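The following pair of complexes shares a single chain, subunit A, combined with subunit B in the former and subunit C in the latter.
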Partner chain A sequence: MTVRPLSLIVAGALLLAAAGCADPTNTGGGGDGGAKNALNVYLYQKPKRFNPLDPPTGPDQQVMQLIFDNLLTVNDQSEYEPRLAESWEISKDAKSFTFRLRTGLKWSDGKPFGAKDVLFTYKLLADPKSGSAMAGKFAGASFAAPDESTFVITLAKPNIGFLSLIAGPFAFILPEHVLGAVPVDAIAGNAFFNKPTAGLGPYTFVDYKTDQYVELAANPNYRKPVGIPKIFLKPVTSDVATAQLGTGEMDLAQISPTDLQSVRSLPGVTVAGKPSPGFLRIAVNQTEKRFADPRVRQAMLHAIDRQSLVDKLLAGKGSVQNSSFVAAAALPPDLNPYAYDVAAAKKLLADAGWDASKPVTLSWIPGQRDRDAAATVIQGALAAAGMNVTLKQVQAAELLESYEKRTFDLALFGGGTYSVDPSSSNPILRCDAFYPKGGNIPHFCDKEIDRLTGAADAATDPAERSTLYRQAAKRENEQAAYVWIYNPEAIWAYGSRLRGFKPSGDFTVGFWNADEWSLAG
Partner chain B sequence: MTTVHSPRVSRRSPARLALRRFLRNRMAVAGAVFLVLVVLLAACAPLIASHDPNAVDLAAFRRPPSGEHLLGTDSSGRDVFARLVYAGRVSLLVGLASALAAVIIGTLLGAVAGVVGGVTDTLIMRAADVVLSFPALVVVVVLAGILGPSAPMLVVVFAACNWPTACRVVRGLALGLREQEYVQASRAFGASRASIIARHIVPAVLAQVAVVGTLLVAQTILLEAVLSFLGLGVQAPQASWGNMLTDAQNLTLIRSMPWLWLPPGLAIALTVLAVNFVGDGLRDAVDPRGAR
Partner chain C sequence: MLTYVARRLGVNVAVLLLISIGVFLLVRAAPGDPVRMMVNPEQLAAGGPDFIARKRAELGLDDPVVVRYFIWLRDALTGDLGYSFVSRRPVVAVLGERIGPTVLLMGTALLLGLLVAVPAGTLAAVRRNSAADYVSAVVGLAVISVPSFFLGIAAIYVFSLTLGWFPSSGMTTPGDGGGADVLAHLVLPAAILALSIAGPFMRYVRGGLIAELGADYIRTAEAKGAGPPRVLLRHALRNALIPLITIIMIYVPQLLAGAVALEQVFAWPGMGQLAISSIGQLDYPVVIGFALFIAVLVLLCNLAADVLYALADPRISLR
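Our next item is the complex of A and B:
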């Protein structure tokens, strides 16, 4: 037998690699006392850095939720949850918002926290020069800190739904004693955001090893004792995370419906699903004459067997969507369900004078298993109703450009956060919010819906507001602003060691109660 | 009286000899038989597959193999067997077309380089070196991103990346052939370079080129599968062996639903193996010096 030098080298390298696997995040074996007290959490993408001024991206937000804190967030019941603000009041004219802050709090570096920090942060958030992605939302607003425990936001225009813009994994409060001296136009590049040295969250930042993990430790100065000494957040693929749930290397992960059965059968792993705050939908380019007739969109809704999509692709973990509103207060009980009915779809298309010979392009960004399969199914369903659909996989930049130039026919996309307050659906519906000014990608426009939602946001009586929104939702359902597909549930899986985890439907706000978590055993 | 037995001289042409040598190579023959089978299956796809490869049926979702669906159904309820057979058309067509194009380009350029020589030779061969020095897969990924993924794009890009292999072989042979007496004679009679290339060089190198071409087919089938698996090749809903494998990225599906990924995986592996065996057999057959 001849031994090749190359194979010797490879074998040696493998041995070295195996020996070098003294990974601090490895909880296997249990011999290491430190690792036993560590929680391993899955991140669905690599975080970039931890800057609340940046445009929000999921993994950054997830980490920031643990190391920073904000005025209020959204809990697992899609309700506002007090954080730094103990309570808040909204003025009668829906323009002034007063927050009562907790007192006696300390930053993780021991310095005292006060309203000055909140004022400093909101001024940065509202200032486009700081590179803040939220500046547009605060246009015309003014801020004041009349005393150490009070913070007031005054809006230029009444908006009772304003809280939904700052509740959730946004607008984290930054330490003035660290960043106060940095010039506003240079703050975006500050090293603090790569390695935050002070925070108000239950955990403090220790280290970020790119492509490996983010390491956090319990914050000794947090307002109550924190139950878990160390957290490792690991960006791995969902397939790897699912496998690690089984071996105990991962304690908390989000999983896809495809893996539901196999994860459920793992011993000691709990699976919990919650309706998500967004939904999968098709934007139909209504600047094209052939799509302007609502009957064409209604026909598409009837043509697609959306219930079967939920039952099969999502393994039942989701629901059929029939409105662009998700918040319960805005949904009337009598929405048209647009049941699967090919004959009705054909009739609607015939009534609308649909030309079956002209092809229609359905564009989407590929990569998500469920969505890719949905695109194939939708193509087949629309073809059965007489729509000649071709599929087109595109990149994100290409898709956004086609939105702007209005060159797309149909665009399949998902996401969004619409569950807390109905006003969050306005930017995808209003006539003055056509893309790229707002999120109204299909260029849907209905003056009556605009009037109803405008009146609702100026109203301060919750019942009156709800009535107006329900009227708007009813009308939007009839007009079929979008071809809504389904609302997928967020599915969390966690090991038996983790106690106190309350699953949220929104992955990005999933760690909202991390200060209540603890480890068993 | 003696009977003079004329010695039995079998008149064996070189082609015949090559065929004999090829048939003696058992692996090559097995590969050839398998390939013929695959080509037949792909060519007669509509007769063999009882289902439409793109017919979506959510009622039959990820069903295991059964009498109705020989190889089960995929994540959109499509028949895996029908898709496998139709995918064979795409994969084989892309492989054959791009290998053929690469070989034609390579042969012509190689013959020109060898016969004309001088600056032309230098230019062509340096261009070949440049193309060869790029890793083909990376170039293809970049070009697929720019040109947009589609089957014709794959053929063009594969041909553009793979012509130097044939080019170098042909140039080397042409350099030798150029000095042969019969070529020099025809040149002395005033034959143009074009006619020398067409009448003397190309026919003489065909056997070697066929070997290069066969091995290229295997390479391009594999490349096509890789790119389609990555989503940069043949686009949905059209099936190719590569994009049928995308479901195999999920551990749950790998463990519990082998019918989703085993058939296309085996199809790729066996076809590429068969083509390589045939290529090896051909090489040994046309080059008796290499035969043991």
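Our next item is the complex of A and C:
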């Protein structure tokens, strides 16, 4: 048998190439070049799927905000913004919430929307069998739809802060006419959530080219005309996003403060910052005896020049944080600012009997430039006060395991959504919320704070509630539950084509007014 | 020949089974818990105490690893590799849509690499110890020595950001995706991957050709009046390229490893990108599926190397 080796090789390689070509070249669709009437938006991570029952993650929430709608959201002023609910009333006892729904709305597939869809969705959200990650928020609650345009939630216990649990990029209403027949325990895995076929948002879902881009088109059945025919959401690296802002391939992106300088110099790009709803902090493992003394944590706060971190790492776009509460109603004016004071730090450590010979490990997930730089600066600052700190870069899985096994010393992390209502800070402070039951990673526990916040949430008078929260915040500030570092501003950069964008401090609700956007030219 | 192939396939199945056990145990030994990874610590309380427990049960994480393995094996034998923890889609579908882009990248790189390596190697062999030989040796060594991810970043900076000739990342422009668009995205990653194999291939071609050119049959051919081009192309090069088949087959897994790194750099939506993000998210079923895919690829390439060699060279017979 004679085989010509060269032709064999060439044929093989061509075959390989052809097999690869077959797929990508066929899938372009109509193709408008992605330029003129399409908006290109950056996603800071790859979206997974679009299921409001799943544990919330930023990129999924950003996409869901465009294709779905919910009762109310949070606007750029950190206030409640009506969406499907035109208005709402809270009963005197803070247990019953009545929502008046917009009437005459249609799903993107043309079917009518009504209170039955809202009832269907909230029953799913409250039912652990559906795989809902929000079921605990609705424990004991009951739901009713007395007529086509009214929806009522009745809580088991009074909670004036309840609205904050459903406002924002959560609790998106699902179409009963599509999902109503699916058994509750099978709904989480339904393919609808990979490719939603009906929504109430300003855009409809067209396609998700996994890890490449999400394609959306204007929803013709939306309650008002939508200004942009197409949106592409692209999960690329922040470097690529910054570069594409300059080339015009990207119209809207959230950027890191470390990129501020280069983005500002791009022609036609506007940069806007807003205080974020979360903050960078160090969780100190208080199950370790040496960290249980509040003076050790206070010393760490004094040892770190946090204002200079804000000035240098964030280019001034941020503020020093001195509490685990962010909502203005919960913050008293007289919090201890823990000013930069190495001598005070040394004294506090000496008073607490600190053993400087024993090393301390600071763990964090690397990858965010301001955070990576902060870790190094903090290491030096703590060393100057007499703490022998080693830095340890870890993967997310490893960090979470160290939380659970309580094997970490110090963990540096950021984020959180605490600005709308003070009760959102409770899961990181309460004695019954130690990780993995809740978000209390440092195992901080103060019964008096629990009592104050519990009483505040049962109070129906806003002034009384605010007073109780301020007392709790004052106590928390004195005990240094966390080593708070800074609240970074959320920074958006957008090209001059995009009109009507209103930047929010919370990236996850960044597209809250997408139905008001339009493209110039 | 057929018996040989059948026997080798049998051995390969056994090897694959061992690999699957190893991969299964290794993946489970990785630190962390995939369900905890899904939930932001602050949201844990929101799900109620039920959520984590339900999710673990649903994903089958509570069963002992031996039970899990046999359930997985039973399903795998019917072509079902389970569902991704993250996207909830079948692993076969998730991997399937990534094979195309990776094969496109690797295939183009292989073709480009050979188009460079064979002429350059031939030239270096024919003009041994000439300037051309030295230059190709130095350039070849240089591209072998510089890691391709570095070349990738440098190429993005020069050709995408500074010169603006090619797109910097991805496989398509959203909304376009036509052949020309894919080609424009393909140029940089494929060229860099091609460079990384052109170096070693060129040296194999050179070495093989030098050996052949010194053989007796070449002198015979020359004595019979064959001119230099005919001697080179019809006789020497043909024989020199036979060992290259084996080398290419053995290089395919290595090429894939190179592609994994480059896919990260260029955001190319292939298997490598999928593998890295799945490992980060502890998406066990996808990681296991990917590892097995690599194992199958390596085993098949080794088998193909032997079989193709026998087909191309009549002196070799497989029993």
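The rule is short, and it goes like this: the second predicted complex is superposed on the first by the 486 of 521 C-alpha atoms of A that agree within 3 Å, B and C clash if a C-alpha of one lies under 4 Å from a C-alpha of the other, contacts with A are read in each partner's own complex, and residues count from 1 in each chain.
Note that a residue touches a chain if its C-beta (ideal position, glycine included) is under 8 Å from a C-beta of that chain, and two chains touch if they have at least 3 such contacts.
Bear in mind the structure is a predicted one, so any value in this text is a computation, not a measurement.
Novice: First (subunit B), second (subunit C), both or neither: which does A:Ser132 touch?
Specialist: Only subunit C; A:Ser132 stays clear of subunit B.
Novice: Which partner reaches more residues of subunit A, subunit B or subunit C?
Specialist: C
Novice: Have a look at where A:Asp372 lands relative to subunit B and subunit C in the superposition and call it first, second, both or neither.
Specialist: first
Novice: Have a look at where A:Gly380 lands relative to subunit B and subunit C in the superposition and call it first, second, both or neither.
Specialist: A:Gly380 contacts subunit B only, not subunit C.
Novice: Should A:Leu313 be classified as contacting the first partner (subunit B), the second (subunit C), both, or neither?
Specialist: First partner only.
Novice: Which holds for A:Ala243: it touches subunit B only (first), subunit C only (second), both, or neither?
Specialist: After superposing on A, A:Ala243 lies in contact with both subunit B and subunit C.
Novice: Quick check on the superposed pair: does A:Ala493 touch subunit B, subunit C, both, or neither? Answer first, second, both or neither.
Specialist: Touch partners of A:Ala493: none, neither subunit B nor subunit C.
Novice: After the superposition on A, what does A:Ser262 contact: first (subunit B), second (subunit C), both or neither?
Specialist: Touch partner of A:Ser262: subunit B, not subunit C.
Novice: Do subunit B and subunit C land on any of the same subunit A residues, and which?
Specialist: Common interface on subunit A, subunit B vs subunit C: 243, 395.
Novice: Of all residues in subunit C, which touch subunit A in the complex?
Specialist: 30-33, 36-52, 54-55, 58, 83, 86-89, 94, 97, 100-108, 110-111, 114, 118, 160-161, 164, 168-179, 181-182, 237-238, 241-242, 244-245, 248, 267, 269, 273-274, 277, 280, 282, 308, 311-312, 314
Novice: Quick check on the complex: what are the subunit B residues that touch subunit A?
Specialist: Touching subunit A: residues 54-56, 58-59, 61, 75-78, 145, 149, 231, 235-237, 246-247, 249-253, 255-256 of subunit B.
Novice: Which residues, counting only subunit A, touch subunit B once they are in their complex?
Specialist: Contacts found on subunit A: 239, 242-243, 256, 258-259, 261-262, 305, 308-309, 312-313, 366-367, 369, 372-373, 375-377, 379-381, 391, 393, 395.
Novice: Which residues of subunit A touch subunit C once you look at their complex with the stated criterion?
Specialist: Against subunit C, subunit A makes touches at 1-6, 8-10, 13-25, 27-35, 38, 40, 46, 48-49, 54-57, 128-129, 131-137, 139, 165, 188-189, 193-194, 209-213, 215, 230, 232, 234, 236-237, 240, 243-244, 247, 249, 395-398, 400-401, 403-404, 415-417, 427-428, 433, 435-439, 441.
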